[in-house]
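Shared between the two complexes below is chain A, which has chain B as its partner in the first and chain C in the second.
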Partner chain A sequence: MIEQIDLTMVNWARATFALTAMYHWIFVPLTLGLSFICAFFESIYVKTGDEQWKKLTRFWMTLFGINFAIGVATGIILEFEFGTNWSNYSWMVGDIFGAPLAIEGIAAFFLEATFFAVMFFGWNRVSKKTHLFATWMVAVGSNLSAVWILIANGWMQHPVGMTFNPDLARFEMTDFWALVSSPVAISHFVHVTSSAFLYASLFVVAISSWYLLKKRHLLFAKRSLTVACTFGLLSSLFVAYTGDEHAFHAAVVQPMKLAAMEALYDGEAPTGLVAMGLLNFSKKPGDDQDPFIFKVKIPMALSLLANREIYSFVPGINDLVFGNIEQNIMGVEEKMVRGKLAVAGLGDYKAAQNVGDQLAASKALTLFEKNSDYLGYGYLDSAEQAVPYVPLIFYSFRVMVSLGTFFILLFLVYLYLLRKDQLEKQPLLLKLGAISFFLGLVAQEAGWIVTEVGRQPWAIQDLLPVTIARSNLDSGTVAVTFFMFLILFTALLIAELKIMTKQISIGPEGD
Partner chain B sequence: MFKNAFYLYYDGFRSMVVGRTLWKIILIKLFIMFAILKVFFFPNFLATNFDTDAERADHVLKNLTQPSSNNH
Partner chain C sequence: MFGSLDLSTLQQLWWFIVTLVGSLFVFLTFVQGGQTLLSTLSLTEDEKILVVNSLGRKWELTFTTLVLFGGALFAAFPLFYATSFGGAYWVWILILFTFIIQAVSYEYRRKPDNFLGKGVYDAFLFINGSVGILLIGAAIGTFFTGSNFTLNDYNFVQWTHPLRGLEAAFSFFNLSLGLFLVFLARTLGALYLANNLEHESLVVKLKNSSFNNLLCALPFLLYVLITLVLMDGYAVNPVDGTVVTEANKYLHNLLQMPLNLILLLVGLVLVVLGVVLNRFTASVRGIWPAGLGTVLTCLAIFFLAGYNNTAFYPSKADLNSSLTIFNASSSHYTLTVMTYVALLVPVVLGYIIWVWKQMDSKKLTLEELNADKKSY
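Right after this comes the complex of A and B.
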């Protein structure tokens, strides 16, 4: 097995980035969601004047602070990696990402940082309403930070509002509003943030369930659960809705990702959705093997989800790789021909510019611009390279959706039993609730695997494959940093778990 | 007002309990990140190897037009 893993520099760089991003994403969604949950708790305190709600708010705020402190700046490591391991990519997108990330730095970070001190140090020093305002601003600021980074990620999935400058080898922004109002970026942002709210709700559910199991802080736990389950239920329904929108956009701009999510090799009209299935791992594009050992399919559902029409055609991997004249789908091989023309045009343009031949430069530029939409395909060696690793995406998608459905049921059952005041008499359910946070983490990471592995081989969809986005570095150097990060992040995670569990065992009375 | 703001931070930092441990972790983390990782392991590839933006653009263009077949 190990000898089959491709240990090239680009794969070490991908693994390092994936490791960093996955660790980073343990902390971030908790910050995004828990900030709002704290604001809800404090709003109830200000409205009712009940000191128990204040105690409750301060407890969850302490856990929020621990998570924030451990997670803060872990994202900066991703920026280090951009400059070192992905220098070609960084150079090319600097103009596009500069604006959103600068706005994030100035607006969101300072908004967040200003009100943080009031939120943590301002109890009994500022009025209740001023403190509540600060708490809400921290929540808004935290989530604003996510807007810009997710818009940047959305641009990589569907690059819009830019043009390529062949003299500087950079994508330059031509339309800022096209970038920020891209439906792909917006659906990406709302899906990710709502899933963060769901994840943070599960965090409260897990700890409160543990208290109920231990027969400790019963009123505290039930009050926390009532708010968290309501927020979690609304968030999880919204996650389902935005997930559907997200997949709908993928069908338009990333059809290969959608086909991989469904392990759909041969497109059909209408196409069913695989509810569950066991994949044939030896299946390759273009061969005659059945992609499934067994499957349960919902008829016409994928056509409806992808195109909003139940009898419509959804392209499969083979249609996208080899083309489908009947459905007017251009295959990867033809895109590769055009991409190689774009690469050749760019090279000829540069050569002509160097010798001052303006006529030749103009001709070469025309050739490049005519084929530039397929630039990335010019770097592929075979059409099959445009296909991401199907089993990982197929199963990750099902893990995410199954857990998402389970969370809706969990919140519903919890709310029903809370209303009937029967929850603490259900130890099995409480044990399930206590582990639900870890299931939420699995769902979060599975979602990112679908999003990011699903768009391979692209760093920028259709324009730049990861093999070209990388720096010219030795694989050994990158491998060393992979293991360094593994140690650093594991140490941080242990620190978080240790401090967090200590604080949880002390409970709200310890404040 | 400035006095109040000052004492908000001053008293806040002085009365921290869990916060003291968290600040230690933050400072150690930032030291590792910026004084060790960034300096010794994560130099900016283009900034380190090239002096001007024109040279950096040329390097990236070369990678785009003559992609290396040697994937280290």
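Right after this comes the complex of A and C.
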């Protein structure tokens, strides 16, 4: 199945995907959240008839539009990158993975694209109510697209509703509803979208705080803040709740990811949670070094979070790699043995089919089917390959969680001071608010690092490692594309930031 | 309901749905055509603003249709998606590149402090409309001329040409199809704009331009059609799925599928009719017959490639690696699910038409654009 593994190419392909996804994710959560915020503003305008609210709506819509364009530009690359850089993946799981992508196009993108034109250019061409409807449709459309792509991503983290077809050497869908209703996919979706609402609220907070600091557009800024902080507070509470759910699911279906998030090497019952810690970077699975140079641990907390039981066992990296008979955990080494039987069975089946030897074919198929749950492990060279890079995941997770907690406090304090009409007198707080958007961006990207780096080496959890999922390209080709995208996306980002900054400095009165 | 259809019916149905999306995309490339008119039609600054803003209200529809075309191919014919995108790498990467630079250009070109300057964004629009469409045409051309790949036992693709897809642009047939699409897009762009704008001298220019561009498109179309009926094609044996070259395969397809021949002829006549109507009468509604004609013509060409036991993505390197709608498709279950989803397509078309009517009932004028600070 694998003639030559070119690890360098895989890493360039991963880097290209990470680059595209990380750029895409600067803009997309803003689209998801700001579309709703604009819809709230416009609804207030239509209800009150107050022209100031219209001006406010149009200002935020302008920023929305500047951001939207570049989100679209990076998004098309993500869709086609599955084909260009991950063509074996596209064939092996296209029967399942293609469906949500196509549904995203039919059910969501057209809503967005069609009503976007009305939202921007329809102010004098359609009635007030039709315009408001269009704005809501853009919000619904963009969030529906998030539903489908996150169902697809959730399926990669926890593949369900499918079977392997050995004749075609691919996975095939057997239960669409299992895909759509997968608890992993749903918790993934709600966590990601609510965090996008939080992020967009921080965007409004940052710009409005800056206006208050500069003593410009005071009424405008306070009105914007009231709506954004309310939306932001509700979203951030929901983010915390869904984040806990999300980690709980990871504990069940991706225990290695959870162990990496916690830098937990040796599982215990009960297991504590490291609230803060300094990692020992030279720690390797199986050695006897302490993974931490320093740590602050909350006893029993991880058992509670991961299993909802205080005294329960949470497996560590060593348990998962080398196995733990007491806890009935099969190690990666054992899984690799079985995986290699599956790979060999599939190969023998193909060979027997080619020469028309039905008896040998059915024997090989039985061997394959007995071991097919471990198929992906058959392609690993060493058990350590099944462990993602711990420090990056450990720290990213902590950055995300601490910022998430900080945002809840920030929204609370802002709302309190807005109510007391004291906010303008807090320049230090306003400065913090003004940079909060960038902290939000850091939290967003950190979250994706935990999700995606944390599941390495799998393109499809346990079934398909990235080394097999890739296209048959040489590393130079993919490296060239990487730099093409890097240069172009960076140039467009600079353009976006400059245009955005200019529009913010012109302000809502520029209309 | 759809679950009871047999696999080959679903495969044929999905070839229709996917190619319908592709054909609608070609119609909607009036946006790309219009983008190239911007710099080649000697327009005044006011006229340019009108053209850009009119196109700027439609570009996303074209873009989204392209995305859906990709998504639908992925869902319905994943082996094509894997083989072509992963194999003919450079041609697709370059096409995508021209669409990235398009996506930001409308929004950014006239905004203050836009880093690259208006000229660069206008150049982006031109590149998208010319190079982008030309390469799409060349890629579609390989449906007939074939590509250089083999598939192994696991259906993993190996591309056997070092140019990784760009070699498609070095075939005169593929290039002609590409150039035909570029000039067709320009023709449609001029027709669309003539109908959408209120500006006397500009409309006259556009009416002439649609006619001139059709004249430029015709030789390439004739070359494509004549070559098509004369060339060898890739026939599939319906019993065992093996692929052989067959002399005049596409001519046989036309004769064996007379409805397809009618579709092609009606389509072409409608395109010509639309342009002639615009050029020689006072009417500006030529975009509608020409648009419909474009969709019918493209459908006919796609049907020639995929129906009547034909390999739609043939391999010159290894005939039996060629893709057909039967060996490249998704499973029966997935195609059934997707067929239910496709019931949404009429709903989507419905609201697109409704919004289009709402937004375009009044023609776009310079006064309106000058009054709106948010115009492109």
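Here, the second predicted complex is superposed on the first by the 500 of 511 C-alpha atoms of A that agree within 3 Å, B and C clash if a C-alpha of one lies under 4 Å from a C-alpha of the other, contacts with A are read in each partner's own complex, and residues count from 1 in each chain.
As a convention for this text, contacts are C-beta pairs under 8 Å (C-beta built on N, C-alpha and C of every residue); 3 or more make two chains touch, one makes a residue touch a chain.
Predicted model only: the values in this text are computed from it and were never measured.
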| item | value |
| --- | --- |
| First (chain B), second (chain C), both or neither touched by A:V10 | first |
| Which of chain B and chain C A:S475 touches, first, second, both or neither | first |
| Touching partner for A:T405 - first (chain B), second (chain C), both, neither | neither |
| First, second, both or neither for A:T48, with chain B first and chain C second | neither |
| Partner chain(s) touched by A:D167 [first = chain B, second = chain C, both, neither] | first |
| Touching partner for A:T467 - first (chain B), second (chain C), both, neither | first |
| Most chain A residues touched (candidates chain B, chain C) | C |
| Which of chain B and chain C A:S362 touches, first, second, both or neither | neither |
| Partner chain(s) touched by A:Y379 [first = chain B, second = chain C, both, neither] | first |
| Partner chain in contact with A:V343 - chain B first, chain C second, else both or neither | first |
| Touching both chain B and chain C, residues of chain A | 62, 65-66, 69-70, 72-73, 76-77, 80, 83-85, 87-88, 90-91, 117-118, 120-122, 125, 168-170, 350, 471-473, 477, 481, 484, 488, 492, 495, 499, 503 |
| Touch list for chain A against partner chain C, complex | 1, 58, 62, 65-66, 68-70, 72-77, 79-80, 82-88, 90-91, 94-99, 101-107, 109-118, 120-126, 130, 134, 165, 168-170, 172-174, 176, 350, 354, 471-473, 477, 481, 484, 488, 491-492, 494-496, 498-499, 501-503, 506, 510-511 |
| In the complex with chain B, residue positions of chain A that touch it | 8-10, 62, 65-66, 69-70, 72-73, 76-77, 80-81, 83-85, 87-88, 90-92, 117-118, 120-122, 125, 166-170, 343, 346-347, 350, 379, 467-468, 471-475, 477, 480-481, 484, 488, 492, 495, 499, 503 |
| Residue ranges of chain C in contact with chain A within the complex | 53, 57-58, 60-61, 63-64, 66-68, 70-72, 74-76, 78-79, 81-87, 89-90, 92-93, 96-97, 99-101, 103-104, 106-108, 111-116, 153-159, 164, 330-331, 333-334, 337-338, 341-342, 344-345, 348, 351-352, 355, 358-359, 361-362, 368, 372-375 |
| Residues on chain B engaged by chain A in the complex (per definition of touch) | 4, 8-9, 11-13, 15, 18-19, 21-23, 25-26, 29-30, 32-33, 37-38, 41-47, 53, 56-57, 60-61, 63-68, 71-72 |
